[in-house]
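Same chain, two partners: subunit A is paired with subunit B first, then with subunit C.
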Partner chain A sequence: MIAELGQYALILALALALIQSWSPVMGARKGDMALMKLADSTALAQFAFVALAFGALTFCYVTSDFSVANVFENSHSQMPLIYKFTSVWGNHEGSMLLWVLILAIFGALVAVFGVNLPGSLKANVLAVQSWIASAFYLFILFTSNPFRRLAEVPVEGRDLNPILQDFGLAVHPPMLYLGYVGFSIAFSFAVAALIEGRIDAAWARWVRPWTLLAWMCLTLGIAMGSYWAYYELGWGGFWFWDPVENASLMPWLAGTALLHSAVVMEKRNSLKVWTILLAILTFSLSLIGTFLVRSGVLTSVHTFSNDPARGLFILIILIVFIGGSLSLFAWRAPLLKQGGLFAPISREAALVFNNLFLATACATVFVGTLYPLVLEMLTGDKISVGAPFFNLTFGPLFVPLLVAVPFGPLLAWKRGDLYGVAQRLLAACAIAMVGLAATFAFEGTKAVFAPFGIGLALFVMAGAVTDIAERLDLRSMSLEIIGRRAAGLPRSAWGTAVAHFALGITLLGLVFATNWGSERIIALKPTQTVSISGYDLTFDGMTSRNGSNYRETAARFTVRKGGAVIGVMEPSKRVFPSRDGMSTTEAALLTRGVSQLYLSLGDSNADGSIALRLYHKPLVLLIWLGALVMALGGALSLSDRRLRIGAPKPASRMLAQPAE
Partner chain B sequence: MVWSVRFLLVILALLGATPLHAVQVDEILPDPALESRARDISGELRCMVCQNQSIDDSEAPLARDLRLLVRERLKAGDSDTQVVDFMVARYGEFVLLKPRVNWHTAILWAAPLTILFIGLFAIGFSVLRRSAGTPLPEVAQLSEGERRKLNAIQRSQPDEA
Partner chain C sequence: MTRKQRRLILIGSSLGVLAFAVALILGSLRESIVFFNSPTDIAENKAAPGKRVRLGGMVKMGSLERGDNLQVRFEVTDGNKDIPVSFQGIVPDLFREGQGVIAEGHVEPGGTFKAETVLAKHDENYMPREVVETLKKQGHWQETSAPNAVAAKGTAK
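Moving on, here comes the complex of A and B:
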């Protein structure tokens, strides 16, 4: 009953989406306010119905209704409640439902908060949103229906894949989807602008908060996925250049470029055509990311044909949306007038530089990810493109970008003074040089790239501090005035500095963890001790215990440093009887500051010893901490009064205008 | 994000293969220099039954066989290149995570720099085209009537951002 209700709700949402697909467009053409306004109501109603459908599926999961095929395949009555919730999106059908739910939320948000948008623009944006929604509803209803019933009701479910029974992974897909789907707003605005054939600086101001929000969620989602891989996969790596990871990295790179080019468009009315193109590309990459992961085409060309209906549907959606929007772009973009000239040395030029390298890095990942696929289809040759390729190509593209980061915010709009900026960055430069020299002095030539990595990270961080210090003019003022200035500084300026600073944090973590980590692979008997980087771990013994839906064997280790006990580590292995005895390894982590000890279990041997992998990862947490701070920078920028959703007060508007 | 890596492991587990650890204790060579070379080589070789994992990272039994093979060749006195050549001869180019530069991979390897130069060229072209043409007029001045109209609109709609 509940499952059928969910399905009906989804069908109704489709009907509403179809209405919303054309009525606002017609309204905008004829200048019919009533038709345009219809989109507001349908967007809200769509959200209500999709939420109902999602709630219905969640209900089926929580009550372990195994007559629903999707629940039977991905849940178990003994599973902890939280994972019953999260298994809703731990599978293909459910995750697609989550996708449309988030799309509907964003659509409703535009309808509610877009009060200050010009009527026709808002109507067109909501219509484009609805085109996307319709395609996805159809995809779900025809090829991936989560509400399908089983003729014979099984007694017990087949359980969620044990690897997905983890909190980190429970939150990861929603964050990622918030990012992917959030970029659909930028896409809809871009397509709407092309339909209207008109675009101005205000357009960028409307689009930027949505893009910022999506970018923040994507940043957090990627970081969370990376941390999950680090602790769950058991060998301590944090980025594998896996096609699935690349699929989320590409929209992030394009989205980062979009954030920066939208600034130019908003402030200087320049780079319009490029910004529109980026908005289209960013969402296209999100679509590709969603679908390539879900269709399994990345694993092998052959899985694509396992489910021809699904594969074909996916291809059609990709072709229609990406091909369609790009054709529209080619047709209408020449109508858009360019404004705002700038000199080769200026803030605008620095942002163009940023876009050039981000776009190239993104394209490199794109080519590297899809090349083996295309080559195999065209010639039948099988090649692999893995981490060594990306490290060799992607890395060098990011170096000039990072070098340029401190310069950008210090350059003036229109015509900048590179020499003057370099002088203001002297202190940052000196800090970087000291870091570089110190690393060389300690390490010699053992790790060639590490000193430069550290120098670069320090330069980026010191550069961000310089930016803020310059704006506050620290030299001549009293503390009180500086405080007042800091409070008066636009939040977006703080956001920029914080996010740029965070880049340095992440880089520092990467350099330390990859260059100075240590590893021990060893078999140990109880009471024996292993040492790593000054820590001594004593193996106390093994224990067995039962979890809710698994059996666990844990090894207990006492960790000492200089003879004093500093903690206990309990890595374990879990066996899931409901999944044919499938097992997972749960690594134990001991955090010291931002460094970590990482211990994971191998097999037990006949002589009573157990195989271990032990790592010391110095400063490794900085990698994800950097991502968190980056998202915080985004949040600061988003809270800027200029971008705040809703209408600013008239008085503050008069003040805010000249301050730019 | 790394779901599919795990899904593959799941498939392996279902096929009855016991999940093993990546490099295991009994594989490690007594000579640290040789072992370190073995690790470096393993990092660049693909575990063919996994999705995009090196044999150094992979838990699959095949990866273990390959790791042992690499170490055997090293013990036999092969150079790094000889070991890699041996693996390619046996398993094809597919085994290399960093594909070799040849006609089949020319586009792949040329892509990053080519795209960068196309981008640079496009930027240069648009700059030239714009500076060659007459400079765009700055925002045209409003007439007195338009200015009055604008003021009236601003007063009546103070909320418009």
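Moving on, here comes the complex of A and C:
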């Protein structure tokens, strides 16, 4: 009953989306306000129906209704309640339902918060949103129906894949989808602008908050996924350059470029065509990401199904949307008027530099990810492109970008003074040099890249501090005035500095964890001790216990440093009888500041010993902390008054404003 | 500076960065791609000794031996040829006899495959796509063992 209700709601949402695909566009062409306004109501109603469908599926999961095929395949009556919720999207069908739910949420948000948008722009944006929505409703209803019933009702479910039974996974997909799907707003705005053949600085101001929101969510989603892989897959890596990771990294890189180019467009009315193209490309990459992950062309933890019909369907969606929007772009973009001029040394040029390198880095990831697929299609050779490729291409492209980061915000708009900026960055440069020299002094030539990595990280961080310090003009001022200035500084300036600082934090974590991490793989018997980086771990023994839907064997270790006990670690192995005895390794983590000890179990041997994988990861938490702070910077920028009030000013007045 | 000159600088520097990227891609692709081989391919010496390749197939029943110091030996088969593999380290959770596996490493002069990484599945139903195709080619594929539901990758070092 509930499942049928959900399916029915989804069909109604499709009907509404089809109406919304057409009527607002007609309304905008004829200048008919009533037709245009219709989109607001349908967007809200679509959201209500998709939410109902999602609620229905959630209800089936929570009540363990195994007559629904999807619930039977991915749930278990004994599973903890939280995983009953998260397994709603821990499978192909449910995750696609989450995808359209988020799309509907964004559509409704535009309908509600877009009160300041010109009527025709808003109508067109909502229409484009519903083209996307219609395609995905059809995809779900025809190829991935989550509400399909089973003829015979099984007594017990097959359980969710155990490695997905984890809190990190409760957060990772929704965050990632908020990012992917959030970029659809920028896409819709871009296509709407192309349809109208008109675009101005105000457009960028409307698009920026949506892009920023999507970018923040994607940043957090990627970080969460990376941390999940780190502790759940049991071998301590945090980024594998796996195609599915790349699938989320590509929209992130393009989205980051979009954020920056939108600034130029908003402030200087320049780079219009490029910004539109980036908006299209960013969402296209999100779609490609969805295709790669969902179609089964890649095998990974995310590949839920290998149904070729689904792959074909998504491929068609991909071709129609990417091909269509790019054709529209080629046709209409020449109509857009060129904007403000700028010198090769200026804030604009710095942002172009940023875009150039981000886009190129994104392109190399694209090549590395798709090359094996293309090659196999053409020649039948099966290859894999691993981490070395990405390290060799992505790395050299990111270094100049990072060097440029502190310069950008200090350069003036239109025409900048590179020499003057370099002088102001002297202190930051000195800090970086000290860091570099100190690392060399300690390490000698053992680690070649580490000193430069540390120098670069310090430079980026000190550069962000310099940016704020310069704006506050710290010289000869009383604390009170500085405080007042700090409060008066636009939130977006704080946001920029915080996000750039965070980049340095992540880099520092990466350099430390990869260069000074240590690893031991050994077999240990009870009462024996293993040492790593000054820590001694004593194997106390094994214990067995029962979890809700698994049996767990845990090994207990006492951790000492300099003879004093500092903690206990209990890595374990879990066996899930409902999945034919599939087992997972639960690593134990001991956090010391921002460094971690990481311990995971291998196989038990006949002689009573157990294989162990032990890592010391110095400053490793900085990697994800950096991402968190980066998203915080985005939030700060989002809270800026200019974005909050939703840019009601017409374009003519915006141009008259002094550039910051 | 005229508009034209500025545009030239922009286009010139873009092309410069692109050329740099293309050079990087071409340079590193040559060194860092890894070819996938079936046991038959290895037996027919398709992979040069010492070259880094991937070997995929089934772990042969009864071939798994564990030695001291986390030494693991097993044979990978595609039903036609068997290749002995040696590995030191911890194999993934679902590494078992009779299941699909991908090993990355190189062929030693004696014909043994020395694996640096063993990739196995993280789901009882999953079979690496490459392995499925290898088995199909050798006619040892049964549809009943077809992969469905969730697929996953795990790696040992």
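Note that in this section the second predicted complex is superposed on the first by the 636 of 660 C-alpha atoms of A that agree within 3 Å, B and C clash if a C-alpha of one lies under 4 Å from a C-alpha of the other, contacts with A are read in each partner's own complex, and residues count from 1 in each chain.
Just so it is clear, a contact is a pair of C-beta atoms (placed from the backbone, for glycine too) under 8 Å apart; a residue touches a chain by one contact, two chains touch by 3 or more.
Please read these numbers as outputs of a predicted model, since none were measured by experiment.
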Touching A:Leu397, do we find subunit B (first), subunit C (second), both, or neither? both
First (subunit B), second (subunit C), both or neither touched by A:Ile316: neither
Contact-wise, after the overlay, does A:Met433 reach subunit B, subunit C, both or neither (first, second, both, neither)? neither
Touching A:Glu73, do we find subunit B (first), subunit C (second), both, or neither? second
Which partner chains sit in contact with A:Asn116 here, subunit B, subunit C, both or neither? Use first/second/both/neither. first
Which holds for A:Ile481: it touches subunit B only (first), subunit C only (second), both, or neither? neither
First, second, both or neither for A:Asn161, with subunit B first and subunit C second: both
A:Ser226 in the overlay: touching subunit B, subunit C, both, or neither? Say first, second, both or neither. first
So subunit A touches subunit B in one structure and subunit C in the other; where do those two contact lists coincide? 161, 163-164, 233-235, 237, 240, 242, 299, 341, 344, 352, 356-357, 360, 363-364, 367-368, 371, 381-386, 388-389, 392-393, 397, 521-523, 580, 582-583, 585, 602-603, 611, 613
For a test of understanding, state which residues of subunit A touch subunit C in their complex under the given definition. 73, 91, 158, 161, 163-164, 233-235, 237, 240, 242, 299-301, 303-306, 341-344, 352, 356-357, 360-361, 363-364, 367-368, 371-372, 381-386, 388-389, 392-393, 396-397, 519, 521-523, 573, 579-585, 602-603, 605, 611, 613
Listed in rising order, the residues of subunit A that touch subunit B in the complex are 116, 161, 163-164, 172, 176, 202, 205, 221-222, 225-226, 228-229, 233-235, 237, 240-245, 248, 293, 296, 298-299, 338-339, 341, 344, 352, 356-357, 359-360, 363-364, 367-368, 371, 375, 379, 381-389, 392-393, 397, 521-523, 580, 582-583, 585, 600, 602-603, 611, 613, 647-648, 650, 653
Show me the residue ranges of subunit C that touch subunit A in the complex, using the header's touch definition. 1, 3, 6, 9-10, 13-14, 17-18, 20-21, 24-25, 27-29, 31-36, 54, 66, 69-70, 89-91, 93-94, 122-124, 126, 128-130, 147-157
Residue numbers on subunit B that touch subunit A, as the complex places them: 1-10, 13-14, 18-25, 28, 43-44, 46, 51-54, 57, 92-99, 104-105, 107-108, 111-112, 115-116, 119-120, 123, 127, 130-131, 135-136, 158-161
